[in-house]
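In what follows, chain A forms one complex with chain B and a second complex with chain C.
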Partner chain A sequence: MATDLRISNISKIYPGCIANDNVSLQFKSGKIYALLGENGAGKSTLVKILSGVISPDNGEVFLNEKNLKLSSPLDAKKNKIGMVFQHFNLFETLSVFENLSIDATEDNKSLRVRINEILKKYNFSIDLDVPVLNLSAGQKQKVEIIRCLLRSPKVLIMDEPTSVLTEQETEELFISLKKFCDEGILIIYITHKLKEVLSLCDEVAVMRKGKVVSVSQTQNEKVETLANKMVGQKLGKIKKKIKISKNKDEIFKVKHLNFYSDDPFETNLFNLNFSVKKGECLGIAGISGNGQNELFQILSGEIITPNTSIIFRNKEIAKLNPKQRREYLMAFSPEDRISQAAVPELKIYENVALNNFKSSNFFEKGLVNERKIKEHSKKILSDFSVNTDNVELKSQFLSGGNLQKLILGRELITAPELLICYNPTWGLDVGAINYIHETLIKINDQEKSTILISTDTEELLKLSDRITVIYKGKLSKIMPSDEVTPEKLGILMGGGSID
Partner chain B sequence: MEDLLIRIEKRNDVPTTLYFFTPFIAIILTIIGGGIIFYALGFNPAEALKFYFITPISNLYGFSELLLKATPLCLIAIGLSFCFKSNNWNIGAEGQLTFGAIVGGGVALLFYNQEGFYILPLIIIAGAIGGMIFALIPAILKTYFNTNEILVSLMLVYVSKLILDYLVVGPWSNPEGFNFPETRQFSDSSRMPLLFDGLRVHAGIFIALAAVLVSWFVLYKTYLGFQIKVSGLSLKTAKYAGFKGKAMILIVFMISGACAGLAGVGEITGPIGQLHRMISPDYGFTAIIVAFLGRLNPFGIIFASLVVSLTYLGAETAQIFLQIPQYTGQVFQGMILFFLLASDYLLFFKIKILNLKKNELGH
Partner chain C sequence: MSLDISFIGILIGSIMASSVPLILAASGELITERSGVLNLGVEGMMIIGAISGFALMVITDNLFIAIIVSMLSGVIISLIFGFLTQSLLTNHVATGLALTIFGIGLSAMLGRDFVGIPGKDFPILFSSLRESIPFFGPILFGHSIVLYFAFALPFLTNYFLKKTKLGLVVRAVGDSPASASNQGINVIMVRYCCILYGGGMCGLAGAYLSLIYTPQWIENMTAGRGWIALALVVFATWSPIKVLIGAIIFGGISILQLHMQAVGFRIPVQFLIALPYLMTIIVLVVISRDSRKIKLNTPTSLGRIFYKEK
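Up next, the complex of A and B:
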């Protein structure tokens, strides 16, 4: 039986951002559909609406012309919409079979028969009686898929399924997905990887800033055209004057940066080498999850990697912790404002005290100098126009923009020679974004350097002097940003190559 | 058909006053719960509760006993608060207490036939160092070998008790003691001075009070205290700020161990006066309850140690007057912790019951 899924005029508005803006799409069984877009384009919101995790503010979903009320994940299950999330929902210590039997309605004996049928049909080789923690990421994903198949779904939604898979496992997954499609299951494949779209999918819908910007047949598309649609020609108003600083000194130099992790959700880094000149902004682009987290933590000193050389202002700092690196006038603004850069339960002045550099005298002879910290905090609040002057306020009551201003203020008040920031404007409103962009440009004007790791290409093109792209833990060559186009960036971010 | 869906949501802002008030709610619920248990056992609940909570402290001697038992509880809980505030789960204070008592007691036995003002301070210092060393074992294993401090510190409790057992039966047993498992009596110079004639409350209480003041100062006024606070709230932030995580773990365990060691010394040089097998009625474990009931706040811990101390006394009185086992004390301690955790859960989370109608499409 053919399946027809129609999304009609879906809108979802979060404070300060429109996640889905009047989205309408139609899917029919027998084809594999790609939903393509950058981080924050609105793909995840749409998928969460389809799987009943969140409700839309407006709009309707129709399955075979029936209007679906999806107010909880249970509703999605009942209506035969299956979903495999990027992060698995499995109990690691239970066996595969126990995991599958948790929400099954039939008895164990017939369930086992049915699972074995599925295993045989799709050529999956999984031992049902081993604990899930012994499985590889690809096998765990198969368990999730089996869980969906047991309910004979009409629609199967795969959210970034290849981000934790090896090349081999990716190929196997594609073969299975094509089989499902032949059997009449409608498949919606969410990704930001351009090559996968071209090799797997029949039709592709591209989303940007909450809107569907194009729907087309993949046979009419190329990596370049898709990249263009995904990233868009969206250059901002304030654009920095790019500095050609060939003769400037290199103040920061990284050599042989390698990182290997046992955790499948962490990305390994392979032989990164780069340098930053005085007064320059080096932009590092990439879709999130390609190693930015790990790179940031290594640059800030939270992770120390062996055999890496990091030279800052002619000193080797690769073995120093973040506090020691700050003494050499480095500053860091991590992506996670709420649980890393600041502690919401602490008062503003206590969060300011986290950047305890020697000349601050925040802690004299081991004692808290509250007066000094508060004075200093007041200065930050006014210099960086945070909309409060109450340093006793708990930070959880600051908006994202004001919290980010506080964090940047805290990091910049030491007049650092190098600021490393990771997605500094993530989730902020336009006003705060502009303020932070202007601040970052000002730093470079004062001959201080910045490294901007960002998933926002617009931001990178606006602020960087040179740009490189990180993909699967490797850096592309470093390009002057006036030679970089959004299209080129899009190709590199999606794993393609240029020239 | 309807599906009931229960959703648990975090409350964003919990008022501080309510946060410090919930321990009182837990205590009231414990008393009510205790009344119900007494009723089920066939006693008049009001009378039984009176024997439990009022009779023990209705005279001066009882009041002195209350302070006597609160002293070690308070001291250990103060130490534990350093660990718990920084996300280090030392639950082996009983072992650190025992080892502190062994080291302190060993010094006391060296001087068993001597007198001198310097003897008691030596014993106290030895006890603190003993507890500290014993607490360093789980701390070092945690920082350098990634072991779980909960398991290691707990298992070491039994190690220290067996060491004590061996010593009081073997090498340290009293040569004139007819093979009883106990050491010689300590000399008078090795005993904590009593505060009042005829009452057992001793000078150890001043050590506990000093610990309260010092810990308040360290926790709220020093860089170490700030680091402990930040690490407790977010380890990620502590790492980002560049705090020396390993050194801090070692320090909080040492503080905690020293406090437990002091409590052990207070017991053997105070009411007991020698080493034997039963130097502590699980003060080290009960102090965990005290620490949480006192909200890990030094002054809250004073109050909590008095409440929990009363459950020890109540259990003894109840045994005498109602012929029920002394272990009811532990029942009460368990109830306090249970009700405290339960009210905390309701304080930090709200439970929403959603009434979902089954999708009309199903029909």
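Up next, the complex of A and C:
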């Protein structure tokens, strides 16, 4: 039976922000619909309303012309609307089967039979009795999808599903989604990745600042037209000139980096050796959870490993803590902006003061020199085009993009010789990503070096001079990035071999 | 001191009796914590259970009513905690501490007229078997029904958490309340239930002290057992069976060190008094070394305030 989902005049207003402004859309089964927009465009609010997590201030949802009352996730489930969230809604410490059985109405035995049928039908291979925390992101997503399929949904909503997947996993996902679509499930696909829209979806609705700005057939669209609709302005294209500089000095050299942990949440690292030349960007690709966290913490000095040699500007720094490493002109931008890079409850200038200890005279005789810090902070805010000049603002009120600019600014204003960053553009919108990419290229142009650990292949190919892949705590060989293709990276990131 | 076999039997029996309040309170708190709620009010709930049970025994002269009322009063006082933390979203730690202080004060006030009144003998089961079988008699028989219940409780709790649907829901809520809520589970309701259950078990633990173990009312008679129960839950890494082991070790060494003091071992008394705490921690740390298992048992959201998106 055909499904027809209609959203009529939905509005949702939060204090200081209109998340959805009179949104009306119509979807019919047999097609895959894209909902495209930058962060904060209101896509997630809309799908949360559709899945009953939040209720709209205004407007109605109709499924096959029946007016739905979606006041809880249960209502969405009853009405056969399935939802796979961007941040997985799984219980990490429970087994896969327990996760799936929690809202099942049948007994465990017949549930297991049904799950196995789904696994077989769609060619998923997942061990049902391991705890979810042992699964890869792609497998976790499959568990979420199975959970939806168990309720034979009419509508399946996928919220930014590929942000944690490899190229291969993404392809697999697309094949499954097309299969679901053929079986009559209406699919709504939320993303800010333009290429995915073009390769997967039949129709695309673009949202900007809470409003639907365009609805069109994807066959009439191109990457550029969609990007401009999404951002509302023309974007410059960034392409770095790759430098392979054989005779440049190695400024940073890591030897025999090993790391062992019995914590099941941590990944061991096995004999990593690599070096970075002056003015070069070394990209480290990989799916998250393959040891990037541990590697970053070791490079920044949060974890000290025995028998490792790290040479930086001809000095052995393997035993130094992060503060000492900073004094040798290293800088760090961790993945988690909120909990690792900045203290959200502190004001902007207080966050700036956190890591400039020695050179900047922020502290005199143990006292805080507020005037100096504030001046310095103002300079960062203007130099790095952070969207505020109020240094008294608490950092938690900055958007992700602005916070990242502030952090990069704080790190770069000391003119470091080496910047190590981990997923610097994670979760940011196109405008902010562009700015940060430009900044990172500028650093290399000034003969400073960068190590870019990232899960975003496109970003790595754009910015790196040489690329290596981390998989289960081991590095692949280091390749010049003009010899690397997304496909090659995808194979290496999935544990394959390209030779 | 004669270390004959029947003496050891009696000793083990008394160790079992002394660990009962710890097992009850810790098993109750374990369920509360598995749902992600940290209730530091265990001591307060226990002492309220102790005074209300004793008072009702004196007033009605009926032990059954006394036991039921002690559990109910534990439930009621934990309801205050539940309302504050789940409905008004107050901080778990501060609210729990306040609950303990409140409970101790309230019990002292309510208990003024009950000091010095002698308790009543609590009926014991299989008392004839206790006398007739050497060694095993005093261990297995001649206890109150509450003791048998307490020793079954960790196994029931384990079964509940691992094998039942409801137990799965409790664990899920403790793991990720946001996910649970998005799956349509009423997180606040589940947590209320777990808090009230914990309160009921703490009330029963208090009643065991004032009605069975030392049948009388003394101000502040729980004497820190609530805190020990709380510590047991953490050191046992939220595993009911390890709670049982920890409670027995603690009760055992508490009794043994009394005997050692009486016999006059040349060990400083202060050390002997500290011994139960020390040994319990050491043993539980040693048996809980598997960091993988700890991760799987630890309620990830413990002590965090959950509020629903609107």
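Convention: the second predicted complex is superposed on the first by the 261 of 499 C-alpha atoms of A that agree within 3 Å, B and C clash if a C-alpha of one lies under 4 Å from a C-alpha of the other, contacts with A are read in each partner's own complex, and residues count from 1 in each chain.
In the analysis below, contacts are C-beta pairs under 8 Å (C-beta built on N, C-alpha and C of every residue); 3 or more make two chains touch, one makes a residue touch a chain.
Bear in mind that the values here come from a model prediction, so they are computed numbers and not experimental data.
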**Study point:** First (chain B), second (chain C), both or neither touched by A:K323
**Key:** first
* Asked: For A:V213, is the partner it touches chain B (first), chain C (second), both, or none of the two (neither)?
  -> neither
Between chain B (first) and chain C (second), which does A:D103 come into contact with in this model arrangement: first, second, both, or neither? second
Does the superposition put A:V53 against chain B (first), chain C (second), both, or neither? second
Comparing chain B and chain C in the superposed model, the one touching more of chain A is B
**OP:** State whether A:D336 touches chain B only (first), chain C only (second), both chains, or neither.
**Re:** first
Under the stated touch criterion, which partner chain does A:F91 make contact with: chain B (first), chain C (second), both, or neither? second
For this session: Would you check which partner chain A:L68 touches, where first means chain B only, second means chain C only, and both and neither mean what they say?
Result: first
Looking at A:L165 after the superposition, I want to know if it touches chain B, chain C, both of them or none. Which is it: first, second, both, neither? neither
The shared contact residues of chain A with chain B and chain C are 72, 74
So, in the complex, the side of chain A touching chain C is made of residues 48, 51, 53-55, 72-74, 77, 83, 85, 88-94, 98, 101-103, 131, 133, 262-265
Touching chain B in the complex, chain A uses residues 66, 68-69, 71-72, 74-75, 78-79, 300-302, 321-326, 332, 334, 336, 339-343, 345-346, 350, 353-356, 363, 366-368, 396
The answer for chain B against chain A in the complex is residues 3, 5, 12-13, 220-226, 229-230, 233-234, 236-237, 239-244, 354, 356, 358-362
Chain C residues touching chain A in their complex are 165, 168-169, 171-172, 175-176, 178-185, 291-292, 295-298, 300, 309-310
